[in-house]
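Okay, structure first, notes after.
We just call them A, B, C and D in the order they show up, numbering each chain from 1.
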């Protein structure tokens, strides 16, 4: 799976460079997010700009990262969702669960705030 | 079929805006070239930059334009061939028949020359 | 055969690496359906998704069985009707017993059949000569 | 079924608008062939081309017949062997009698079978229960 990771301050920007997130690579994504959290990176920004297609297992992998981040007083936020990918979050009501930002700048600003307060909004 | 035509001096630049030239649209291409020649446009530059795929009927349509242009003391030259499209000309030895230029500038310069001499090179 | 009919059958090894292939074939096919009145790219995504979900389930629930088994998909477009059949060689399940997901519970699983039910007009699961078959139907809106 | 086997059968109306669909399906399929040692995008183009040529011929030489007829294609990958079958419902022809094109004559036609013969390892034309069949084979170079 093609993923790039950049660290800045306490934030970790994770860019998924895959057109598809499905049962073929979602487990790898889940494990990848889990490892980052275990390594102490607690403020994860996942950039989905390159992702054209996501299935239920892909949503599940992100949800797993989200729950794990929360357990550790961290956060996982999303950015770059293409319209049809965003629809999949809407159909499953997950757009109400995840913090979703339309631009990377907004996501960075939001995670800065979280950072300043030393906890996520939940 | 998506084709754009630009006229400058005596030259006509024909840009094929189709990914594929095959038996579905090659007859239309052939007729299109024929009409231009009948309308007195004798120096045709065909830009294939957008064409990812050409079949034998597409080669045939270009050959028809080429022969018709020659009959009228004009010329039809090609530019913008993608490598795999160029291979199809090589397999059929048609790269020895057509004047093929790697850039539009070269094609324009060449057709200017042809123009200055009032006849094509054949 | 009416002028708009398309029939496609594909068999691949039981492996998730083929999910993209089959989903993408369905997308190509949608782009060729004549006179479709809806948004073609949305339909393409939806068929890609229902195939991906159905096949992922077929793969997961076939693990038990012979290595000779394969993933088999049949897509049929006839006039306004679109039918997708996905076969599995597992032990089968009761489709009607699969609950709607609980949206307040953040379960990582259990949204596949939900997507299929939401995006297709009708779904059934039965046994035929080729194995267990998840059969999904949709009526295609056509320009008249 | 070996882990790399893919079998695809598609039936569409007898019309050139479906040439792109079938050619593009073949391209997707080539991208999933495991361990292919050659250049994948070149193979994709070549299979797209031989299918396009064979189908264009099947369409042209079926014009005479019933409107119920359809274009039928079968693609089968099994280990190192790739087989493509294109069916037509026309009167048939003698493949061996088709001459090599004369490269000095600038004929607008007559390069389809040439492409097929050049790009595939073997080609034959026969009649079977589904009609006339142009059958093309290629050995796939695999990474060992």
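One rule holds in what follows: contacts are C-beta pairs under 8 Å (C-beta built on N, C-alpha and C of every residue); 3 or more make two chains touch, one makes a residue touch a chain.
Remember, predicted model here, so these are calculated numbers, not experimental data.
Under the contact definition stated at the top, the chains bordering both subunit A and subunit D are C.
Hopping across touching chains, the smallest step count from subunit A to subunit C is 1. For the pair subunit A and subunit B, the distance between mean C-alpha positions equals 50 Å. Between subunit B and subunit C the centroid-to-centroid distance comes to 45 Å (mean Cα coordinates, whole Å).
Our note on geometry: subunit C versus subunit D, Cα centroid distance of 27 Å, whole angstroms.
Touching of two or more other chains is recorded for residues 17, 20 of subunit C. Under the contact definition stated at the top, not a single residue of subunit B touches 2 or more other chains. Under the touch rule stated earlier, the contacting chain pairs are A-C, B-D, C-D.
Of all the residues in subunit D, the ones that touch subunit C in their complex are 1-13, 15, 17-18, 20-21, 24-25, 28-29, 31-32, 68-70. Looking at the complex, you find that subunit B touches subunit D at residues 20, 22-24, 53, 55-57, 59-61, 63-64, 66-67, 84, 88, 91-93, 97.
Chain contact summary for the complex, subunit C toward subunit A: residues 16-17, 19-20, 23, 41-42, 45, 48-49, 52-53, 56, 59-60, 101, 103, 106-112, 114-115, 118.
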